[in-house]
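Inspection log for the structure reproduced underneath, given as structure tokens.
Letters A, B, C and D mark the chains as written, and numbering starts fresh at 1 in each.
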Amino acid sequence: MIIKMKKDSTKKQYQKLAEFLKSKNLEIRDVSSEFVHIFGIIGDTSSFEPVDLYAFEGVDEVTRVSTPFKKASRSFKKEDTVIKLEHGIEIGKDQFVMMSGPCSVESYEQLRTVAKVVKQSGAHILRGGAYKPRTSPYAFQGLGEEGLQILRKVADEFELLVVTEIPSSDLLPLFEKYVDVIQVGARNMQNFELLKTLGKSTKPILLKRGLSATVEEWLMSAEYIMSGGNEEIILCERGIRTFEKYTRNTLDISSVLTVKELSHLPVIIDPSHAAGRWSMIEKLSLASLAVGADGLIVEVHHDPEHALSDGAQSLKPKKYLQMTDELKAMAKLLGKTFI
Amino acid sequence: MIIKMKKDSTKKQYQKLAEFLKSKNLEIRDVSSEFVHIFGIIGDTSSFEPVDLYAFEGVDEVTRVSTPFKKASRSFKKEDTVIKLEHGIEIGKDQFVMMSGPCSVESYEQLRTVAKVVKQSGAHILRGGAYKPRTSPYAFQGLGEEGLQILRKVADEFELLVVTEIPSSDLLPLFEKYVDVIQVGARNMQNFELLKTLGKSTKPILLKRGLSATVEEWLMSAEYIMSGGNEEIILCERGIRTFEKYTRNTLDISSVLTVKELSHLPVIIDPSHAAGRWSMIEKLSLASLAVGADGLIVEVHHDPEHALSDGAQSLKPKKYLQMTDELKAMAKLLGKTFI
Amino acid sequence: MIIKMKKDSTKKQYQKLAEFLKSKNLEIRDVSSEFVHIFGIIGDTSSFEPVDLYAFEGVDEVTRVSTPFKKASRSFKKEDTVIKLEHGIEIGKDQFVMMSGPCSVESYEQLRTVAKVVKQSGAHILRGGAYKPRTSPYAFQGLGEEGLQILRKVADEFELLVVTEIPSSDLLPLFEKYVDVIQVGARNMQNFELLKTLGKSTKPILLKRGLSATVEEWLMSAEYIMSGGNEEIILCERGIRTFEKYTRNTLDISSVLTVKELSHLPVIIDPSHAAGRWSMIEKLSLASLAVGADGLIVEVHHDPEHALSDGAQSLKPKKYLQMTDELKAMAKLLGKTFI
Amino acid sequence: MIIKMKKDSTKKQYQKLAEFLKSKNLEIRDVSSEFVHIFGIIGDTSSFEPVDLYAFEGVDEVTRVSTPFKKASRSFKKEDTVIKLEHGIEIGKDQFVMMSGPCSVESYEQLRTVAKVVKQSGAHILRGGAYKPRTSPYAFQGLGEEGLQILRKVADEFELLVVTEIPSSDLLPLFEKYVDVIQVGARNMQNFELLKTLGKSTKPILLKRGLSATVEEWLMSAEYIMSGGNEEIILCERGIRTFEKYTRNTLDISSVLTVKELSHLPVIIDPSHAAGRWSMIEKLSLASLAVGADGLIVEVHHDPEHALSDGAQSLKPKKYLQMTDELKAMAKLLGKTFI
């Protein structure tokens, strides 16, 4: 941590701060010039945050020089983390892993119809919401446990795996029973109580980036889960909130590269929620593969006009299958396997 | 809702959409010109969201013309909602209500020291975190139930009320036992499971605005609680995330006026979290009063340098008392009572 | 345009507005329901902006239903605009056009060294700044006219074309003399006086997107130039400003798709300024090709450590040539020609 | 400047960087710990920007520890800058200075009608646009020189001063002839050629903050003008672009406090452009005074419904005079004089 004092700060102010730092067993190393009083502190600073030091009068600026996350950091673990699932899936290696299915589970028939297409595309992971976080309390909230049961049943029929979103801690036992990968939604990325609970789960976690979370904060949320013991995290970029309103959110495609630089965790992209328009999914999916993402999570629906949620961003089967064909060709060119 | 069709949309595409709308008992009224096919739909559209209609091919743009919230809306209820608490407090009327105290409850002695200052200022509501949502899993997470007990004990000693943040649904019974106003933190503003639970509470809710929530989404979160039966909501603006980084967040002071136009609910400001710098609290508090907020929630600490969290944004007692004096004078000028 | 009146608006308020609209030869068509007074207006509304109508008391919301640009709009012209340049370059068709070179022109030798690499890669357009817009008045501001002369000389030597940024209207004659494509920088995207001047130029314009411009505003700036008579515009996405700070800006890759939906103009990507980190250029370039951009503008420097500006985002020759090889392979797969 | 090397950086990479720094006469002071290689550099670093050092391989992070502006900085000049104008106006001292008038100058009669109200309110500075930067090339662009003449004539009649926006460098002679304070619009904040030209003017400059400019960048633009010799700058906050769309922009009221901490220059607020809704002007103006701004620039129009631009954010005379009365009372309470 680097601390710069205000130009008019007093010796007494500095001493008060210095005492505090020494009480934390930190060493002070001066780098002041003629014009500015500045020093680095060396040692374990994890018990406080940089901003906390602004409480000391005379402090002008505090800059952290090491990342605040540990287990999620590439400095901590150099090798890419690979999440192994059934059917030979290895997320984070040389595969481009496709997770697809409807936004919401609506019925056994609906899911069966879509799952057939998912299977046909060569994908192995079925997505579908059983508990839906909706901004309006009056909108369809999902089938709940029944939805989980349908997901499991249909997935088993087609030999697929299941990924779906958990809304709250108390449902973990149910999710561990029915689900293969547990998703944390964007709005819950900093629901720390939920993250702590998932730290004790044995299932891999798909952690979506919050609407306005920096990559650093996103990795700190991964750290929450990892510090609880569960180190199987797949990150998922799904668009951030900006001033641009033509798309639902702004896909931050560079975040894949940031994650790869700062962390060893795998990262996939959700183009459906990022764009909010089905007309953009195909091209954004190709770009996701090109940029180096480890996979995709995409919404597919056989009858999007009558879907109970998010029809606008769902691909129809024909378009979806055309897209997966393109992805397979590009994956091959890039030395990856579509799965 | 107003729907505009694409220039090259077909008659068949329109018919598919029209059938869907009629099946929902909606009436279609055309406003097309020579250049554009456009129509309004009249009736109850609460069962779907505008974006859902983008699933229909040929649709270019869908615009909602009425607010998505009902109970929280000023069209629904014209008169200001006033939240009545003990000691003659009426939030949302002619009072400027001060909630103050430390960021975290650290010990009985600490809270007692600060509470004394709070009482001296003429304020009646004591704030203090027992469960702290921290971005790092390694930082101080609060005293938990012990913190709630200390809050209650100290508040009773000084005849103060207690406001503090609830981290998850399962703790509601504990909060109903110890707390007067239950706070929902910014990161949980769209934790819909928590909001549903609080809809059944008998305590008033202080609902903080999410880091990147529009005022409309914030009011939708209020609607979640209200639709459950609890209509005693106090909104709290605490800064939004923008590109400007000198302050911790950007205080959106105009949001107070937006809330007053769109809703009947009272709204207060938290300048401490908005600025993240104690040097700005005094002036932002005066501005909050001037703009028409119904109160403030402010961090005060007798020894911010050694606070276990957020010392940087806490006022020292002397500065705090000077500020409350200024607020009293300005409140008088504006025909309000500081309480 | 759709206008919604406030719930408590009066008949008199409506009449005042209706008179104004009729005086503009606009027709009013009612779509009111039992709960809301709302109507569409039909006719030519280009003489005022939707927000202007908020000046009328009683108006609650005004929504534009057609895009504000005409010549730049795909409704106006269905076929893609193709900008033809020497050497068989056709921007906006089946080519992936590469513009590359150093951030700043530093000397004849420097530019010659880089141009050789550009030529070797198979690219035909040389970039390089002669006038540099720097945030600090104390930083290197470019070689000025000498820079333009060097650009021309080196480009002719290698049979390349020149693209470079114009800082102000009065330099247009100089640019028409030396330059093949004139660039408008992001900070000047809404320098309307400059745009008007360029409307009279015979050279194609490379129009960068402003730091916080919506795609609609960007297209309105194109409209400014086009309304002056110059319809040869190439748009250039270069990242927008968001809260995320790991990258210099946030590349809004979806904007390519938005442009293609709303307009007929070609659009390229500048990954160097978007990311601000050379380590990300290769992957972002591949993603740009995959998403459907018509080309790239990229910074290359043989000695970035000693570049006078933006060395951090410049590729070294070896890395650049490796990247263009990858682009060629992917372009082939996608049915495009790298040029 | 503080430089942190990557964990896997090599000795050779460090040496290359060290040589470069020494060639710039900079001293290196090490603050490394066991886990991280980090050092400060001491000396004059104004010839390059921190990001330039990322061009060196092995560099992980570069942090600037002193502000990039000099003349605009409070470290450079401790005392508040006070801009003295005729009629005893002193911007930046104990006055609250009101600049008011219509958005656009439309005619002599219109301006005269509004100026009468401005005079009546006790204000001394008349605003009004003669050259209007409009996003649409088809909208009213202002009366040009005729507008300047009308401004001067009406201002002289009522003994008022004139502030109005300059669109481009070549018009400076005209502005110096007719105008008392020259305004730089938000869209031109980083039109560096214009800033350089104004550095040679003898008139005070009202510098609006760009739509998405940080306070630091805004002060760098002031530095551009000051480095040219003109140190009479009045800053003007007018709202920044965020995701919130109910208001036209988001008024960043805290920026006044940031400016006061970092700089000695005076700063005023433009609530009209910030909110874009006349219903919010009164309260935002009171908040501006309370937060410590040195004045306001506000739009007033006797017939906003028929104004040729921005009627939506203009106050009517009655409302305006009521507001100035409230401002006078509050100014008195705060020890300031409304002028």
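By definition in this document, contacts are C-beta pairs under 8 Å (C-beta built on N, C-alpha and C of every residue); 3 or more make two chains touch, one makes a residue touch a chain.
This structure is a prediction, so every number in the text was calculated from the model and none was measured.
Seen from the C-alpha centroid of chain D, the farthest chain centroid is that of A. The interface holding more C-beta pairs in contact, when B-C is weighed against A-C, is A-C.
Computed centre separation for the pair chain B/chain C is 39 angstrom, with centres defined by C-alpha atoms.
Note on chain placement: the centre of chain A and the centre of chain B lie 26 Å apart, centres being C-alpha means. One simple way to say how far apart two chains are is to compare their mean CA positions; for chain A and chain C this gives 31 Å. Residue numbers of chain C whose C-beta contacts span two or more other chains: 212, 241-243, 245. By the touch criterion stated above, chain A contacts chain C in their complex at residues 212, 214-216, 240, 242-247, 250-258, 261-262, 274-275, 279-280, 283-284, 286-292, 329-330, 333. Against chain D, in their complex, chain A makes its touches with residues 2, 4, 7, 29-31, 33, 35-36, 38-40, 42-43, 61, 63, 65-66, 75, 241-243, 245.
Those residues of chain C whose C-beta lies close enough to touch chain D in the complex are 16-17, 20, 46-49, 51-56, 68, 133-140, 167-170, 187-188, 190-194, 196, 211-212, 217, 220, 223-224, 227-228, 241, 248, 276-278, 304-307, 309-314.
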